[in-house]
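Presented below are the structures under discussion, each in the form of structure tokens.
Here come two complexes built around chain A, the first alongside chain B, the second alongside chain C.
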Partner chain A sequence: MSPKKSPADLTGAAAPSPARGYERICESHVEAVRAAIPGAIQDVAWQTDDQVTVTVNIDTLPDVVAFLYYKRDGWLPMMVGNDERSLCGAYAVYYILSMEGQDRGWVVVRGEVDPVTREWPSVTPLVPACVWSEREVRDMFGLVPVGLPDKRRLVLPDDWPDGLYPLRKDAMDYRFRPEPVSDLESYKFLTETHGKETTVMPMGPMHITSDEPGHFRLFVEGETIVDADYRLFYVHRGMEKVAETRLNYDAVTFLADRVCGICGCAHSVAYAEAVERAQHIEVPERAQWIRAICLEVERLHSHLLNIGLVCHYAGFDTGFMQFFRVREKAMDLAEKLTGARKTYGLNVIGGVRRDILKEQRQDTIRIVRELRAEVRELVDVLMTTPNFESRTKGVGRLDPQIARDYSNVGPLVRGSGFDRDVRFVHPFDGYKALDPSRFKAASQASCDVQGRTLVRIQEFYDSLDMIEALLDGMPEGPILTEGWTYTPHVFGIGATEAPRGEDVHWAMVGDNQKCYRWRAKAATYSNWPTLRFMLRGNTVADAALIIGSLDPCYSCTDRVTVVDVHDGATKTITKDQLETYCVDRTHSPLLDD
Partner chain B sequence: MSVFLAILQVVIVTLVAPLISGATRLIRAKMHSRKGSDVFQDYRDIAKLMTRQEVRSNTSSFVARVMPVLYFAVMVVLACGIPMITIASPVPLLGDIITVIYLLALSRFFFSLAAVDTSSAYAGRGGLRELIVGVLVEPTMLLALFAAALVAGSTNMGAMGLAVATGAVSAPVATFLAAVAFALACYVELGKVPFDMAEAEQELQEGPLAEYSGPSLALLKLSMSMKQVIVVSWFLAIFFPFGAAATLNFGTFLLGIVAWCLKVAVAFAVCAVVENSVMRTRYKLLGTQTWAIFGVSVLSFAFLIVGV
Partner chain C sequence: MLKLWKLERKTGEATVAYPFAPLPVNKDMRGKPVHDAAACVACAACAVACPADAIWMSVDPDAETITWNINYGRCIFCGRCEESCPFEAIRLSQEFELAVTSKADLHDQAVYKIQECSVCGRPFAPRKEVDLARRVLDQVVGSAAAWQRDVLDVCPACRRRLDAQRAKASCDAANAAVLLEAIERDAAQAGGADAAGATDAADGGTSAEGVR
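Right, the complex of A and B next:
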């Protein structure tokens, strides 16, 4: 039981290599663009081996992105806006494409936007996956995507003043809170009902099945949903602005943890990778393995949560609670490995803060075994629960073509027949060492809630196997690289497979030890825009289940109630008390009186 | 004497109903692997709600205001008429199965009307669902009860219960099938998962109940737990009257109370286990499941005609 040698399933995937006849990864894509759209490319630069940035003539930008997307098997996680007036005299937009067919790698299409007209041609009419990113850039930078049909705000609230664009470098201090300009919600919900008469069912801003505000409008005819629209970003926290102005680049890993209440580690690894790749930092192998293990632990508790929620939304609370009972073990495991019940506070630029020692290793192996046995039992129960089949089969269908157009991620896209998974498409960290014949992306072709649930169940078991395989083959050595050279104004992409899908971070550090621009894309960001297609044609009764099958993110804690189970006394600690205690670390509110 | 018995039944049902719903909650908590609150929690909830302020939608009319009281009144009337301790109904006028079905329909009608009245999307939808459940389940109830009534030769619950208790039924198989169909229909009527269509928490956020608060909500909660006890007693009175007093004296009276308590406890324990082991029926498919129950009642009718 003390394997030092590398077992059979750690043979490792082949390192990515250039396409035949080319010298560099992704060069084939660049040459294809050159041939298809002559005169578009102005400049080509490789940030790392597998990341190339192509600066194009802004007028040809939509054609180049659409060409790479549909003709070269590109998927588009996000686009990034950047205020580069102080660097090159213009704003810049970066369309990030993950090339997943031949010659895998990352191609970034960059266009410069004139700082006076502030307009650039929208790509959304050709590639729908850009819609949210372009709306966000319009909100945050005041750049206008010409031809984008949706003229509504996305991120900024309705009461935000016009003409104040928070992410422009000269716009505002991060502490500035503008006075609200309106008391009314002016967001227009759009609908395509094709002439049918519908009644409106509001879901939210607060709804019983979600702990976070999100405002859905269901346009229903009887029980059937004809169309749906939604307004999110009620809890936009301005993290990117804070990161750029308040924190140094190394502290942003801890802020990135807090992007999500569940998959924080995935964000923090993605951010760290973005900076490490841009700065060409070699992360020690042991640290890479530890990161992969913690990402898998995160997947364990996240998937158990979602499988439990499927039960809850279908009215089977017993299943929900039982999955939660078992999930506690995954949280214990996270606590053993990182010191926190969620896998927080692990990453720094260049490595990790905590090693996995012998005792933690043994505990991990034990807990993994227990989890496997207990979850297998519960999954059996779930599969044989009356009505499981009828509630989930054929419900919330996501058409594969829509998934392709919108670049969905995670179990959602894998439930619609694709096998997109960053861990296998662009192997990073410890995943590079996993045997590709043993570990594959889980995929189901049924396109419905059931398919997504089955994908999550399969991934849960895979994660357990991966943790064991990674622990078995963990290399010795340091866990942190120090003493690298800091280069300002270079950027990189970091991508991880979070439990809900692909997290992509784009980071450029500045000349002041801070991020010049950091863009974090959470997995769910790619999935929300297709929700309306999944809701159409289903019933109100299935709405919560469908929204849940997307596994949307929740994060909120502003106060804590402590109940003493022995004498029944309860005590509520206010947010202020909690904050004061977090800062001062004296006078614990629990020990008073 | 029978007036005294009727009043006693009302008192017992009113007092015991929160205990039963509390016990159901405890079983639920145990199956969830939670600690759960004790069986008296529902009394505390009702007491708390009684002291709370009442808030009403300003678009609602008197219907929404009257409904909780009316619902409670219907349950009180039903509690008088359904035999619990004795085989015969304490108030023979109210002991007819058709009266019971229509009284239940009356409460259901006002429940739905009040739900629509509040003009909340969720409450309204819950009200409509409640009506559809009624439309789907009432024919089954009627058919099963008619089969049993034909066997016993009367639509009075006392006479029907006596026939079953003494074994004086001409078609035992038909009676058994009628009992099965009626039991299933009663389960749907209880409004528990998988058939809690009107209040489906995750779908409709408690439906019509969401529009009530304070004393109205307390009264409604109490009445709804009373309804569950009444529906279960209704089934027991007709198809499982064993232990109930045929003639009234002190001994049979005590035995009748103990037997009723035991039967109700067992019935609710079974219901609690069932409701916590299933997923809610997909609303669209509700009709196909109630058809199966209807099929059983038709079968019992067919057996009755054949005479077995």
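Right, the complex of A and C next:
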């Protein structure tokens, strides 16, 4: 073991400090809002050192959010709706902004929504990144974002009765499922084809590449995708409702694990940190380091999965098999460290449940070395495969301006030239100790599938280095703290960098040891809305590859129905046909008639 | 291409013989929870701790039994039950092959008798838990432990009544003692003064009231 270092020596990244001339972190943003939009701010309160909530006059809300977003380098992971009628007599909407320019921190813009009119001005026309969150709040709380152009449901199914809003506190029991009110799907798919004659190609209800069933419509002209629209949330599990009603706040970490089948640990860390920050619980440093190590282990197996799948969709199946073989080692490492192949069940409020002892430490170092050597060989093979470059270069372009408008996250946004990564923008847990000159967010400026894959490859190597650095500097001491005073109705933000991008959780605990409101935002939630821009102009054969580069969870199910809108002819293509077409790009299934 | 062939040759066989040979797992892996029905006292700590509600207790008042249940189909293998159990009666094994052909096979249970209250006759707590408490109290000396031992098989409602009666009795006894002490003190004062004190002694009751 290396000589013990005190945490102070390890703290490479400078601890966040207030901007010059201000006493508190994010105070400069608050003052800027005061100066730019006089009379907007009603109340300012800091939840923790770097989290401030600004309650504004609801009419000025869009201006305040847009000002912080575009003028103060804010990014918007999500907004949260909350039924606070029992607390303050109104509903509340929280726009969470991650300030990533000067004076980094979290600014939450809060507005109170009148419980009678239930209307608030939509921010989406000014900041497109709010679109899904605002639609979700409308579905779940029945609040109306005035001015939101998209009036369709997002989360609730078509057969859900009008006027029943699941997350209102007086709505329903979590076990209740109302009778379907309709047998028909009434969802309207939107398109901007600019008068071009297109053929509609529906994919779904189970999507070819995505684990989550989704209904996609590709509007195609010949082989070229003119536009695309999609509908997801067929497997909405109502987790937030379950967490608020059935579980105690300290058991929600185990539910948060299950938000994702791949990056569960990132969600449970984010939830735990949201509660810990709200309750001012000091997590022992050793636990923070263990959390960071497990998050990196999770990234190892997730990135190997995605790199393998990129091989698969580019028609390089041998590479796919090889990456999956190596990935097994990362899964094995996760099992050694947490007791489960998927890094599940590690976190509790106040720390972690399992220490990394000498034996695990040695195993980890051994596996990390093996992985580095084996993946380097495989990547070398992949890069010298001519097919890989020709299939990925220039495909699925994500324009940086669109990425900025929609607050994309993860390798997707980093593949478009941004270097936003929670681990470095808002260092948390063990990441605080990493040397900023050695570890940086990986980014590529090519904006295409290739760029995203290269980012993932670089991050994989960085993760291996980080695990070694974290193991080396791991402080000693307890891994769990249990002494804190529970304060109801306070809230906090927890953010982690999952393999797919930032997971942001907002949690407010309430009476009786229950979560009053828990909002979990998975990484891909921020990335789906821009998919249509990435699909435009590409060919049908590349659709699966582009969706794959987003790294949603994969499964290969069901089939595709092709509808020609002009003669109403339908043709069903099997998943195998489409996938084969994606791989070898001859014999288009659309032309077989 | 040549690199790939070399790599494949180097890798050799990547698959394992499972299911035709056992699959080794990590020793720290959390698999199927195994319940030791003999060590369990049906205290329900695991049922409270289980985040997935895979473990629950059910009471049959007619049969006077309490049943520990587990549904392996709900289990998330977090191991909270193992952490919360005071007697190591449940632990997570290395077993991971949980598939069954009938859903009912995912359910497992252990039935325990409930202790009847010696006063009112109603069942109130798992008998094994009561027995355990008795064994623990047997190791303890002192009057408080003795009293606890005496009322071990009394249900909380009846125990409250007994406690109240006991408290009243000891209160009365204390009052009587105070009364007696006052009378004696007065008598002693009267004896130490003069003969006239003999008549005052008749008022001793009154002054004792005052003391009280």
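A few points about this structure:
The criterion applied here is as follows: the second predicted complex is superposed on the first by the 537 of 593 C-alpha atoms of A that agree within 3 Å, B and C clash if a C-alpha of one lies under 4 Å from a C-alpha of the other, contacts with A are read in each partner's own complex, and residues count from 1 in each chain.
By our rule, a contact is a pair of C-beta atoms (placed from the backbone, for glycine too) under 8 Å apart; a residue touches a chain by one contact, two chains touch by 3 or more.
This is a predicted model, so every value here is computed, not measured.
Set side by side, chain B and chain C differ in how many residues of chain A they touch, and the one touching more is B. Contacts of A:K342 after superposition on the shared chain: neither chain B nor chain C is touched.
Looking at the shared chain after the overlay, A:R414 reaches neither chain B nor chain C. Of the two partner chains placed by superposition, chain B and chain C are both touched by A:R325.
Once the two complexes are laid over each other on the shared chain, residue contacts for A:H215 go to neither chain B nor chain C. In the superposition on chain A, A:G315 contacts chain B only, with no contact to chain C. Of the two partner chains, neither chain B nor chain C is touched by A:K521. Looking at the shared chain after the overlay, A:A544 reaches chain B, while chain C stays out of its contact range. Contact with neither chain B nor chain C is seen for A:R291 once the two complexes are overlaid on the shared chain. Using the contact criterion defined above for the overlaid structures, shared-chain residue A:R104 touches neither chain B nor chain C, since it reaches no partner.
Chain A uses residues 318, 322, 325, 385 to touch chain B in one structure and chain C in the other. For chain C in complex with chain A, the touching residues are 3-4, 7-8, 11, 14, 25-26, 28-30, 51-52, 76-80, 83.
Considering their complex, residues 247, 251, 254-255, 257-258, 318-319, 322, 325, 332, 335-336, 339-340, 344-345, 353-354, 360, 377-378, 380-381, 384-385 of chain A touch chain C. The touching residues of chain B, counted against chain A in their complex, run 28, 31-35, 121-122, 125, 193-194, 196, 200-206, 276-285. Remark: chain A residues 199-202, 207-209, 223, 311-318, 320-322, 325, 385-388, 390-391, 395, 539-545, 565 touch chain B in the complex.
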